[in-house]
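Both complexes below contain chain A, partnered by chain B and then by chain C.
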Partner chain A sequence: MTNYVIWTLLIPLLAGIIMLFIPQRVILQRTISIIASIILLINTVLLVFQIQTEGIQKMELGGWAPPFGIILVGDMLSGLLVLTTALVIIPILIYSFSSIGVEREKKYYYSIFFFLVTGVLGAFLTGDLFNMFVFFEVFLLSSYVLIVHGSTQKQLRESFKYVLINILSSALFVIGVAYLYAVIGTLNMAHLGERIASLTEPAPILTVIALMFLIIFGLKGAIFPLYFWLPASYTAPPTAIGALFGALLTKVGIYAIFRTYSIIFVHDPAYTHTVLGVLAALTMIFGVIGAVAHKDVTKILVYNVIVAVGFVLFGVSTMTEAGYQGAIYYVIHDMIIKAALFLLIGALVTVGGTKYLKQMGGIIKYHPALGWLFLVAVFALVGIPPLSGFIGKVLLIQGGTTVGDYWIVFLMMVASLLVLYSMIRIFLQGFYGKSVLSSKEEHGTTKGLLFPISLLIALSVLLGIGAEFLYPFVQTATEVLLQPELYINAVLKE
Partner chain B sequence: MKLNDIVIQTTTKFVLFIILAFSIFIFFNGHHHPGGGFIGGLMTSAAITLLLLAFDFETVKRILPIDFKILTASGMLIATLTGMGGLVFGGPFLSHTFGYVHLPFFGEVELATALLFDLGVYFVVVGSALTIIEMIGGDQ
Partner chain C sequence: MEILMSVIAGILFMVGTYLILSKNMIRIVLGTNFISHGAHILILTMAGLKTGAPPLLGLEATNYTDPLPQALILTAIVISFGVTAFFLVLGYRTYKVTGTDNTDGLRGPDSYD
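Then we have the complex of A and B:
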């Protein structure tokens, strides 16, 4: 039997290593990266079907049985996120071909790209907290390189803040892991879950540790008081890198909260999950305020990344079936649509030659396809049926009303409307309005940029229409989250 | 202005080989005792750095005509492929095996596939440490 779990990590890793040998051969690197990402996609599709038919997959590295050895676990939540990651990187790669520039491509761009993907996939698949830290470091180090790649002045300035804040969060991560090991005596997530569930009277320090992990993952995933670093650093690097960050990096933080708050820290949900819910609500509000307030199109977009974090975490905090399902649907939808929007905004800025809404206008006259794709993407983002955001939001609202969090549900709807306002403003002023530039004065072309964007939009539409097809998979994922025993037994007992 | 070069250069010529020999000893010591690819690699880079301090960059490039970035990449490739060796023989990733061989002069020696992995680590450490030094100090 082939173990798809390990190949999910090996394919991008090997691709990255091979391309380290040939930094000067740009065309060959492009070929290798596209082939590797397609193989990765096939592999992850097979992984998801394997999980669906055979249950949770695991890989004991070096043959050491858990909880002693290092283990990779592929349950459906990981599987779906891994699949979405593999889907999203292909358009981003294609977009890089025509936008990133040969200079950057010769400086190990594709290698670092694949190392980052390896780290993200590893964080989704790992079965113990310490290795989650290791994979966090793998993708963080790669992201440090990517954010400064090309060394423009803005990138250097923002990368400094980015590196500083992430070193702080990594230090906290190690401290948190040490605390947890001191209190519980294991770091395997299944083993942790089993031991904490068996405690008759959980020590209060567990709640402290739970909140500490919320801060650590919240720094990465950009929840309410901890998102301050995100807007500047995600807009600094070139579009393709920004799209990669916006689609993948915050989602790893969200996944980590999802995982730890459904399997490990379930001893005192009345406290921890209420805190999570309140923070999620605040994240939505402050994110959407930022999105409405800004006049810079890239800033509007990154604040929308923050709003989505709030939506997903609200689903996690409800601890209901509908809430979990909504969170899973929404996180998948958000990875795809945020990548699409980053690429669209990147194309808009290339064509318009400016980031400021006031100086744009009438771009749709010369670039109709770009304009209408943007409109579809905005509708999908907000969740107009039958596009992909709809089903996730309905389930989130359902989950929220089941547990009686009416005010958060209300805030969520208000936030959704404001998201629509903030994005449609870009469409009306930037694309529609009066032409500022004639076709000759334009600053760049959309040549090669439209194809990857349409791929992502098509994916988003498919996700909306095919929600029924995806449903059994999401249901499998939710079952494991609602009954952590399934995860624990699959890892420890077999 | 070169004043004291003669002392450091003469010392380096002797000390270099002691450090290198010790780093190789540490490298092989790794499996059951303290040591291994990481620390051995660091020690080798220290030796080469000493060479850099005593002489100059061109001399070192002449003695060691290696692209350190390629060295790093080869190290990563060796380590990953060793890990995948386990998959080829139907075991899990990173599983390792060992055997005893009789070598002339050394006698009975235990050889483990973990050694190959460590060799990869060794190359990565030497390669990346020297790439960094090359980047920072190479301009002068």
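Then we have the complex of A and C:
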């Protein structure tokens, strides 16, 4: 029996290492990276079907049984996120080919790209808290390199802040792990969950540690008081890198909250999950304020990343079946559509030569395909019925009303409306409006950029239409979240 | 002993936080160093400082100190070492390009639009 779990990590790692040896051979690097990502995609599809038919997959590294060794666990939630990651990186790679520039490509761009992917996939698949810290560092270090790659003045300025924030949150992660080890005496997630579930008396210290982990993962995932670093950091690097960050990095923080708050910290949900719900609501509010206020198209988009984080966290905080399902649907949809929108906005800025809404207009006259793709992407982002954002939001609303959080549900709907307003403003002013540039004055071409964008949009449309096909997988993922015993037994008892 | 170590870790965090809040880049880098020292000391302390032999099976003792936190610290040290090296070079490059090591000078027109 093939173990797809370990290959999911080995393929991008090997691809990254191989490309370290051939920095000058750009064409060869492109070929290797596209082949590796397609093999990775096939591997993850097989992994998802294997989990669906045979249950939770695990890989004991070195043959040491948990909780003594490190274990990689592929349950359906990790499986779906790993698959989405593999899907999203292919269009981003194709977009990089024509937009990133040979100078950057010769400076180990693709190697670092694949190391980042390795870190993200590892964080999704690990079953050990300290190992999760290590994988976080793997993708954070790669993201430090990518954010400053090319070292323009703006990138240097923003990366200093980005690196500082992440060093602090990594130090907090180490401290959190130390506290948890002192209280519980283990670092394996299933073992932690088992020991915390078997506590007979309330343990307030665990609530403190739970909130500390919320702060740590909130810094990575940009939730309300901790999102301040994100808007400037994600707009500094080139488009393809921004798309990679917007699609993957915050989602790892969300996944970590998902995991810890459904398996480990379930001892006092009345307090911890209420805090999560309130922070999710505030994240939505401050996200849309930023999205509506800005006149810079890239800034509007990054504030929408923050709004989406709020939506997903709200689903986690409800602890209901519908809420979890909604959150899973929404996080998958959001990874795809945010990558698409980052690439679309990148193409818009390339053509228009400016990121200020006031200075652009009438792009659709010479680039009809780009314009209509953007409109479809905006509708998908907001959740107009046949497209992908719809199912997730409906389930989130259903989950919210089940537990009676009517005010957050109301906020969510208002936030959706304002997200639509903020994005449609780009369409009306930037694409539609009066023409500012004639076709000769444009600052770049969309050659080679439209194909990856249409791949992502097609994926999003398929996700919306094929929701019924995806449903059994989401249901399997939700079962594990609702009954953490399933996860714990699969890891420890078999 | 654990209390003393906790107080020392607390002082390290305090110094680190103070340094990070200053405006000079090199002081910020030093601040992150203090914080990671504090975190490493904290792991060691949190696992208990009970007396026992070093975790080497050649020393035939009745009890050994906990080997797990030592492995964790070793990992955390090399990671923070790598990150610090990167951070120092990044600070140097930023100084060369922007011509200032004051974080106030890192505000560009882009941050305010």
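Throughout what follows, the second predicted complex is superposed on the first by the 493 of 494 C-alpha atoms of A that agree within 3 Å, B and C clash if a C-alpha of one lies under 4 Å from a C-alpha of the other, contacts with A are read in each partner's own complex, and residues count from 1 in each chain.
Note that contacts are C-beta pairs under 8 Å (C-beta built on N, C-alpha and C of every residue); 3 or more make two chains touch, one makes a residue touch a chain.
Note that the structure is a prediction, hence the values are computed from the model and not measured.
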item: Combined model on chain A where chain B meets chain C, clash or fit; value: fit
item: Three-chain overlay, vertex chain A: chain B-chain C angle, C-alpha, nearest 10 degrees; value: 40
item: First (chain B), second (chain C), both or neither touched by A:179; value: second
item: Chain B versus chain C as contact partner of A:148, first or second or both or neither; value: second
item: Which superposed partner A:134 touches (first chain B, second chain C, both, neither); value: second
item: Which superposed partner A:485 touches (first chain B, second chain C, both, neither); value: neither
item: Which superposed partner A:62 touches (first chain B, second chain C, both, neither); value: first
item: Chain A residues touched by each partner, larger count belonging to chain B or chain C; value: C
item: Chain B versus chain C as contact partner of A:6, first or second or both or neither; value: first
item: First (chain B), second (chain C), both or neither touched by A:17; value: first
item: Overlay on chain A, chain C to chain B nearest C-alpha distance, Å; value: 7
item: Residue numbers on chain C that touch chain A, as the complex places them; value: 20, 25, 28, 32, 35-36, 38-40, 42-43, 45-48, 68-69, 72, 75-76, 79-80, 82-83, 86-87, 90-91, 93-94, 97-98, 103, 106, 108, 110-111, 113
item: Residues on chain B engaged by chain A in the complex (per definition of touch); value: 69-70, 72-73, 76-77, 80, 84, 86-87, 91-96
item: Chain B contact footprint on chain A (complex, rising order); value: 3, 6, 10, 13-14, 17-18, 20-21, 23, 59-63
item: Chain C contact footprint on chain A (complex, rising order); value: 130, 133-134, 137, 141, 144-145, 148, 151, 153-154, 156-157, 159-161, 163-164, 167-168, 170-171, 174-175, 177-179, 181-182, 187, 232, 235, 294-296, 299, 356
